[in-house]
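Here subunit A shows up in two complexes: once beside subunit B, once beside subunit C.
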Partner chain A sequence: MKASILRFVLKRIALGLLTLFIVSLLIFAVTQALPSDPAEAILGREATPEALEALRADFGLDKPIVVQYTNWLSGVLTGDLGTSYATSTPVGEYIGPRVGASFFLLLIAAVGSIPLSIVIGANAALHRDRKFDTTSSLVSLILAAMPEFVVGTILTIIFSTTIWQLLPAVTYLEVGAPPWSDIQGLTLPVLTLLIAVTPYVARVMRAAMVEVLESDYIEMARLKGMDERTVLWRHAMPNAVGPAFQVIALNLAYLAGGVIIVERLFNFPGIGSALADAVRSRDLPVIQFLALIIAAVYVLTNLLADIGTVLVTPRLRTRLK
Partner chain B sequence: MGVKVSSASGLRIIDLRLNVAATGNDIVDGINLTIEKGRVLGLVGESGSGKTTVGLAVLSHARRGVEVAHGQIFCGDTEVLCLDSEARRKIRGGIVSYVPQDPASSLNPALRIGLQLTEVLEAHDFGGSTEARKARIKEMMAEVLLPGDDEYLERYPHQLSGGQQQRVGLAMAFACRPSVIVLDEPTTGLDVSTQEHVLKTIRKLTRDHGVAALYITHDLAVIADLADDVAVMYSGRVVEQGEVAEIFKNPAHPYTRHLVAAAPDIASKKSIIGLAGRAQSPGKRPVGCAFAARCELVEDACRVEFPKMVAIGGRQTAACIKATQVASVSVGSAKPVSARKVGEPVVELVSVSAGYSGNTVVHDVSLTIRKGECLALVGESGSGKTTVSRAIGGLHREWTGLIRLNGRELKTMARQRAVADRLAIQYVFQNPYGSLNPRRTVGDSIVRPLVIDGKSKDDARRAVLDVLDKVSLPGSYANKYPDQLSGGERQRIAIARALVSEPEVLVCDEVTSALDVLVQAAIVDLLGDLRRQLGLAMLFVTHNLPLVRSIADEVAVMSEGRIVEVGLSESVIGNPQQQYTQSLISATPSIERSMR
Partner chain C sequence: MSDVTKSTVSLAEEKYVDERPPSLVNQAFKLRRTQIGAVLSLMLVSVALIGPFLAPFGSTEYVDLPNTLSVPGTVFGTDYFGQDVLSRFLFGGRTILILALLATSIGITLGTTLGLTAAYLRGRADEVIMRALDVVLSFPQVLLSLVVISMFGPSNVLIICTVGLSTTPRIARIIRGAAISVVERDFISAAEALGESRRRVVFAEVLPNVSSSLLVEMNLRLTYSVGLIASLAFLGFTPEPNAANWGLMIQENRVALTEQPWGVILPTVALALMTIGTGLIGDGFSRVSAGIDRGGKGE
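This part shows the complex of A and B:
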């Protein structure tokens, strides 16, 4: 039993790594192989051909594309991420703290939104067609329909500019400082991300829960004298979270991309702003690494969701060999 | 427990009425039932008659959209309908428990069976300690003949067979020693041998522990086998009740009489007789006796008010103003059985084996289906009977051997076969709710094969009207959508669709198993007529052994993918030679056998 689960997890991890390898090929193809010249982007149009040539040689851009790729991949695997073209600092040193800050933002949004959406969805299902359900459905639909930059702007108007001046409109966070050192500045970005994810997951949770609550085994649980709390948490929840896991995973992965806009809006020093800067200056090593990180978040959240679904579904778990 | 043990009465339902909450229309009304301790009352009726609604009310439960209008229900001394929610929770599973229809969907798939058993005991403070509860579970598991060791209790429901799941359901129901138990079709969907074991367990537990049991079913033979008393429901009312022997030997309500006449019986050669029409749903029910529209004894007085219960004698009562005259009237007449002429072989199977992704599930099956005759293919679930029928219909990919149609060898899949061969073999599916496209009128569904065949519009239209007539439906039905039809009507449409391409062979796969007994009898009757008039060769696949005598000339019994016995229906069912067939037949409940 235990060994079978371990084998399943290892297999999924291997598949995830394979996915990342293919993604790395694609990333490399669309960045390095495309006819865009970082040397020219850095030195400007007036640069002499000799200077451009020298810079390309410096970056290794004059080598065959396969060699460039293997050099890059072996670098990534050994932790040598190359040097940022634009800032001339090692990519790891430049990006590392920003990745940490963004992950922190993402983690808080996830830790907040998952239980929140489960509780809202479950309660809406339990009080189906009553006030809580209709209100939460309407509100979540409105919130889900708004893009996060609109949500962020509205939050800024409410909490930091026009109505109340409670919170700073931008984050004053030094790069490299721990993200929790500016709790106030963190509040609005986290809130924006929460609002971006929670309504949708809550709606999915409600749908899954409504279906479960209509099932024969829930009626049976009531008919054998279980109290409502046991019915909800012991009998209904394990059957409803399985389907919700997949949606939560997709949403968190989406957040990894969505975080870019939110970070820009609040001037948060994370991967979002770094990526935007890097694209502008054709900073290939940074772009490639960030793209790989975002892809890894997708792979990882989906991996966790698949494993989670199997773990909470005995029918799937016992089938593992 | 039991401060004051009341005399003999386990369950009393007094003047119970439940409504559709939104409209106030009655779902059931005027229900009065008494079940003494240690006795089983069988509640019979067709789907929609309100049996389950009554059963759930005994646990003080009404489904979404249903509400109790008035009435009282006493489980022992406790009136259950007036309880507050905490008291209600206490009695459920405590003094009154429920065994649901489908054990597979009623056990929680995410929880181990041990936990699902333990929590009932915990919720009712049964047994003072964890050890005492463990001991009680072991005891209960032993009573339902299941192992009670830790390994077994740690299993999840999907790791048990259907019969084992239902025994767990029974163990759960009896765990807290209830005084009343409601069993809602607990053996529907189980094979006969499994059903026999479950029924035995129910009988033993109710007798041994003095439990009053309400057993809900549509299967009269099960009632005859198991119950002490019967109540017959029609359109939300109890129309007749009494002791089992009284009701089955001398049914006093015309509806009961029709039910008995329509029920096939393994122990008799009787032909089954159906009845046209159907019961109306709540809100559309007529004033007076709801059965009046279908009754041959109807008179004006029947339509004025619901008839009072008339005492027939003994404990038998019936809600019919002509109850005393019913016995003198015969319900339709059975068609004379013509002497059997052995027809030409139309379909021959020679050493057919079939499987799924490499696993062979059908071994070396050889069969002959003859012109104008019906061959019944019977067996328990998983015996391979449907796989054989699908191979004949060209719906199964993995089979070897030979299938011949009029001497010509057939290709594996329907789409590889010649158009004429495809048209010659038509398939009717089990579930008429799933086999008709809900977005097409039934006329469009029927006409489809003709359109593919390139017939003109007029010809096609005439053909549709013709087949509708053959299945005894008016031509106006061509413009209806499937959801406007009853189950029986849908199955007639499915048959009409098969007939429209003028087939030589009709493969009927469990075509009556989703239907009520009166409708089943009518469909069987229709299939018999069609076979005689059109000279159809028919393969009738079923798990319902009693039905075989009523429909088939020959029968082949399948078990574990092999034909174990084949021969004339009369001799195979009446005098089975193989041990397997004998055990199947003795496990099948029978009214006749029970009444002897």
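This part shows the complex of A and C:
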């Protein structure tokens, strides 16, 4: 049985790597379609042809596209990410501290949302069609429908400007400073991300739990006279968490996109605001690298979800034989 | 004589109609949440479409000093640029709504076609289509839109296309999942045996049987597309830098939130109610179409 699980995991990893490779090709292809010449964009229209030529050679833009791609990819793999056009600093130096800050933001939101949604979802399933269930489903529906920046703006209006002045509306964080040095400023961004993710996961958790609770073996366990808590946590939960796993991962991946908007809203110095800036200034190396990181997070979380689902769900684990 | 036949026919028709199960839409609209959702959506759609005709000032007209609350002739005062907040608000929904509707139509058309094709053809074609869509899926929608905008600038056509294309794989997945079981049913083999063309089998036989999933998905995707397009505007990516657009309005007036809250509150509430409205309608549909809200099965 172990060999079959190992084979499944390896196959899934290979597929993930293949996806990442195609993603990197795609990012390169799209960014290569840039209508304007970066060298001209930097030096301006009055630049001499010689200067343009020199700068293009400097960026490697005079080489064939295939060579440019392999150079870029090997650069990414060896940590040589090129130089940001807009800030003239090495991309690694520019992005590095922001990655840490964004990762911290994501981590808190993720760590908070998982137990929260499991508790809400399981409780809603247990009290199906009763008050807790209907209320929580309506509230989560309403919260899930709104775009993140609207949720964030509403929170700002409520908690920091118009109604109460409890929390700062923006994060005051220097680039590279540890994110936990401004806990107050972190509250609203984390809360916004929590609200963006929790409803979906809670909903899937509820659906999975409802299905499991209706199954024969749960009835069997109850008929054997087990107390409800053992039935719920030992018998129902392991089979219900499986499907929720997929959605949790999908939503963590979704967070990687949502963070772009939320960081901008709260002036949080992470990769999201860096990306928005880079898009505005057409800073090609930064866009390429950030797009690759975010897509990689996305692919990786999905990969972990697929593997996690199989390892966590007893039914699937035995089916792999 | 002819009167008699007419009345019998109409009687028969009425009886027939009575015996039919109520349609999904009728069933959904019996639910309170669908009704509320419909009222909210209708309200906001009217604001977005009719608003521009009711606006007392032009969308970019200078009215008075910036961020002033009590300006004679205005209801909510002026914004960061001295423009009338109410007029900007009344103008600001139209683009978002139209772009979102067009983007969703592209996504629905492409996604349904690809999903149905994959489910019907099975085998290698299915594998190739779904794996290719997975690659598009590995970009968050915002990221994909931003990368494309960074290359070509934020034009309306481009926003519609990227939002539509990034929606496609998400819809294709759902439709394929719903169609997989339909494809195996007997009436499909019967249609094939009758010599119906592949296209006819897919669109006339399979498609009507996944219409409930399609309806739910349409609402869901419209809700997200409104959110995504407004988010892009919020990030500052609109074709005109000073366009009247709810997303952009929130961004522009955020700095002066304490002095002039209306410039932020009005568009925020409008976007919230619009997305909640379509969200509630979608939820109503998913509730009455069995097998969608019950995770695992409908996937």
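Note that in this section the second predicted complex is superposed on the first by the 293 of 321 C-alpha atoms of A that agree within 3 Å, B and C clash if a C-alpha of one lies under 4 Å from a C-alpha of the other, contacts with A are read in each partner's own complex, and residues count from 1 in each chain.
In this section, contacts are C-beta pairs under 8 Å (C-beta built on N, C-alpha and C of every residue); 3 or more make two chains touch, one makes a residue touch a chain.
Given the structure is predicted, the values throughout are model-derived calculations rather than measurements.
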Partner chain(s) touched by A:302 [first = subunit B, second = subunit C, both, neither]: second
If touched residues of subunit A are counted for subunit B and for subunit C, the larger one: C
Touched partner set for A:313, first subunit B, second subunit C, both or neither: first
Subunit B versus subunit C as contact partner of A:267, first or second or both or neither: neither
Touched partner set for A:224, first subunit B, second subunit C, both or neither: first
First, second, both or neither for A:87, with subunit B first and subunit C second: neither
Which of subunit B and subunit C A:282 touches, first, second, both or neither: second
First, second, both or neither for A:71, with subunit B first and subunit C second: neither
Which superposed partner A:146 touches (first subunit B, second subunit C, both, neither): second
Subunit A partner contacts - residues on subunit C that touch it in the complex: 33, 134-135, 138-143, 146-152, 223, 226-228, 230-231, 234-237, 247, 250, 254, 257-258, 261, 264-265, 268, 271-272, 275-276, 278-280, 283, 293-297
Subunit A residues touching subunit B - in the complex, by the definition given at the top: 215-217, 219-227, 230, 234-235, 238-239, 312-315, 318
Touching residues on subunit B, where the partner in the complex is subunit A: 56, 59, 61, 63, 89-94, 97-98, 100, 102, 105-111, 119-120, 123-124, 156, 158-159, 172-173
Subunit C-facing residues of subunit A, complex: 19-20, 22-23, 26-27, 30-31, 33-35, 138, 141-142, 144-150, 153-154, 156-157, 161-162, 169, 203-204, 207-208, 210-211, 243, 253-254, 256-258, 260-261, 264-265, 275-276, 278-280, 282, 287, 291, 294-295, 298-299, 302
